[in-house]
Amino acid sequence: MTVTVALVLEQTLNGLQYGVMLFLMAAGLTLVFGIMNFVNLAHGSLYMVGAYLATAFAAWSGSFVLGAALALPATLLVGIVVEVVALRTLYERDHLDQVLATFGLILFFNELIAIIWGRAAIYTSLPPFLGGHIRVLPGVPYPAYRAGIILVGVAVAVLLWVLVTRTRLGMRIRAGASNRTMVSALGVNIRLLYTLVFGLGAALAGLAGAMAGPIYAVQPGMGEAILIQVFVVIVIGGIGSIRGAMVGAIVVGMADTLGRAFLKPMLATVISPPAADKAGPALASMVIYLLMAAVLFFRPEGLFPARGRS
Amino acid sequence: MAETLLAVRGLSKRFGGLLASDRIDLDVVRGETHAIIGPNGAGKTTLIGQLAGDLRPDAGAIRFAGRDVTGFDAPLRSRLGLARSFQITSIFRDFSALDNVALAVQAHRGGNFRFWRSARDERALREPARVVLESVGLGARAGVLAANLAHGEQRQLEIAMALATEPRLLLLDEPVAGMGLDESQQMVRFLGALKRRITIVLVEHDMDAVFSLADRISVMVYGRIIATGTPPEVRSNAEVRRAYLGEDATP
Amino acid sequence: MLISRRTIVLGVAGLLLALVPPIAALTNQPFYVDLFRRMMIFAIAAVSLDLILGYGGMVSFGHAAYLGIGAYAVGIPAFHGIDNGFLQWSLAIVTSALTALVIGAISLRTSGVYFIMITLAFAQMLYYLGISLETYGGDNGMRLAARSKFGGPIDLHQPMVFYYVVLAILVLFLVLGGRLVESRFGMVIRAAKSNEPRARAIGFSPFRYKLTAFVIAGGAGGLAGALLANQTEYLTPEFMHWTRSGEIMFMVILGGMGTLVGPVIGAVVLLLLEDVLSALTAHWQIILGPLLVLVVLFAKRGLFGLLLGAASRDG
């Protein structure tokens, strides 16, 4: 494999695109962590639900966009139902209880999806209007769909920024991320706030899932594969911080994508190609975990901890 | 010549915009009982935290028994002889009172990488623990689960645990907090008997306790120590009166 | 002489387990030897997790990694023709203990949710490492060339012999574990779990003790992994997947954490449940998931906790 500028550019954009997916998941999860002090292992399940619902709605309506648009509120609804029915009692419990209970939810959702849709991966086709390539630079074509994801990511980031810095809800969210008890003591309806935050996270996860359909395998268990990386993002970025989620997501997305693409050829220049062939992929998947370990070692509160949390 | 057991120089600690400790200087003489008082928010808890080793100061130094302990963590300071009790009762709730004190003895004795013999069968741990429990008046409650002790008994248990580590200096954070009149008088009597044997630094709001126990008092306001002296000296100090009682104070 | 409820439960359980092979032989149902042996192997894994989870309060979501390491410590030598059991099983214990040392040294610098996440991440790292080992099957895994050889009467190909070896190891773990948690070392761990600031204030530096417990649990998990490889005669990186860690944790909680005996009960009950449910429907996990949620919400003290009742609160 020859490493060309075009290839580097393409992989960088892929890294950005993956980072967007991670950001959408991480934003919701970090808010839930930061404000409700709640470890939600089932966040990946909402991603999976979003993917399946989008595929189902797209098949039913014949339009990818309509499918995605319907999947969002549907996933939001699922999230709120789960929060009200199963999760409310867990807010007061310790993290072990939350981890175990949401783990139980993972098993439930994976099996539910398998019952309805089966265990085999289903594939969604690319929407025709995004099926081609765009010219990023002369001679550098890039899949339009992936570029679309990046754009959506930027749009959501801007919207979230507006929400968090310019609205009252956003103010309460920021306050809650800094000091939960104080916000409650100030008379804000904590229950409603929690449900809204959880719902927001569910919607974002659902959006990520809806967009994931055409390019990633949609199958039971898909949520867990990405979930661990999302946790890495949050640890690196700082719990409770959306800015941290953004930075962490880009860092992790880039590190993972570029690592997988270039670690093997890079190693091959130092050690023998057959050895690099073996070690490359193994090391590549370890890259982000090593990153996380390093951050935890040197700056355990993350790169951009929510104010007042360090 | 009275030896300085605890010497604090220029201790400062900032939390974001709040200066909780502002260049604090403090000397505690061996054998004395030194009280630290001040209105709420004066920074007493932060000071205790830095003395005990839970908080790292931003600047300044702490010397204990001649050694610079500024960089030492809490367990290390405890092993050097600096024991503390907590403002909000902090004990091992799922262990018995005797277990609690035996754990303190065990922590102080060291040699804890022993994997076979049952610690509850070791007389070397249980006997000293029993003695300390008796001395604070909890001898009859040795087998009771710590969570089931009355609030006042739990405060006594805290002190017992601190004493079991054979400390040179006892750091007491509001020992009579939350106690009724009888209980607090009992605790004050106990501390009064104790003060002859050991150096005590005492943070308290209860002025009766402070004035009956303290040899010297330091007054903290807004992170600074504004006065140090004997109780009569502090009582008549103009700045102290202003801080506590407002401008027009009648003597 | 006062015999505690705990000892009675232990004795009865041990006796029942010891009787399984003869009963199975009499009723001509050899399948039960296999089933109970499998349960005991997971019981060993659960007991090792209970040491750090139930007594130490360390929520390690990566414990299955040690089972995987132990399994491959048997599988890889066997692949190359080395089937000496003493060698393999020692390798299993040592490599998993060393791995636990490295993982623990880094992870134990954190606490709470960070600790959970980082142990999870390390386990995933090892899982991906396992997948990348193409010589040894990659993500398909590989068959065990031969069961571990010990020479003499200990022939693991004899189901009953293998069964009693596993039972002996389980009993040994319970006895050693029982002494460990009451020893000075055990007391430090339990004190740190009960109230870490208090433990520090009286002079304990919990890190070194926690790390030691972590290493012990890791090594024990490795031995469980070696047994598992021999049991299934097939090993895959799935042994290390974090959902397997969750299953083992479920066993500990279901049985009653912090009791050593509870996890044994939990392992038996959970595997029995899985067996029964999977005969009913291929989608038995849809029952198991909510069951776990219910156990966490309402029966936190587990089955053994319920058995002991109020008597178990004596510290």
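By letter and in written order, the chains are A, B and C; residue numbering begins at 1 in each of them.
The criterion applied here is as follows: contacts are C-beta pairs under 8 Å (C-beta built on N, C-alpha and C of every residue); 3 or more make two chains touch, one makes a residue touch a chain.
Small disclaimer: the values here were computed from a predicted structure and weren't measured.
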Among all the other chains, which ones are in touch with both subunit A and subunit C?
none
Most widely separated chain from subunit B, with each centre as the mean of CA atoms
A
Take the average of all CA coordinates in subunit A, do the same for subunit C, and state the distance between these two points in whole angstrom.
32
Averaging only over C-alpha atoms, locate the centres of subunit B and subunit C and give their separation in whole Å.
43
List the centre-to-centre spacing of subunit A and subunit B in whole Å, with centres computed as mean CA coordinates.
48
Complex interface listing, subunit A residues touching subunit C
33, 39, 86, 89-90, 93, 95-97, 99-101, 103-112, 114-115, 224, 228, 231-232, 235, 239, 278, 281-282, 285-286, 289, 292-293, 296-297, 300
What does subunit C use to touch subunit B in their complex?
179-180, 182-188, 190-191, 194-195, 197-205, 209, 212, 313-315
With touch defined as at the start, can you tell me which subunit C residues reach subunit A in the complex?
53, 59, 61, 106, 109-110, 112-114, 116-118, 120-122, 124-125, 128-129, 132, 134, 242-243, 246, 249-250, 253, 283, 285-286, 288-293, 296-297, 300
So, in the complex, the side of subunit B touching subunit C is made of residues 52, 54, 73-76, 78-79, 83-84, 86, 90-96, 99, 103-104, 106-108, 111-120, 122, 145, 161-162, 164-165
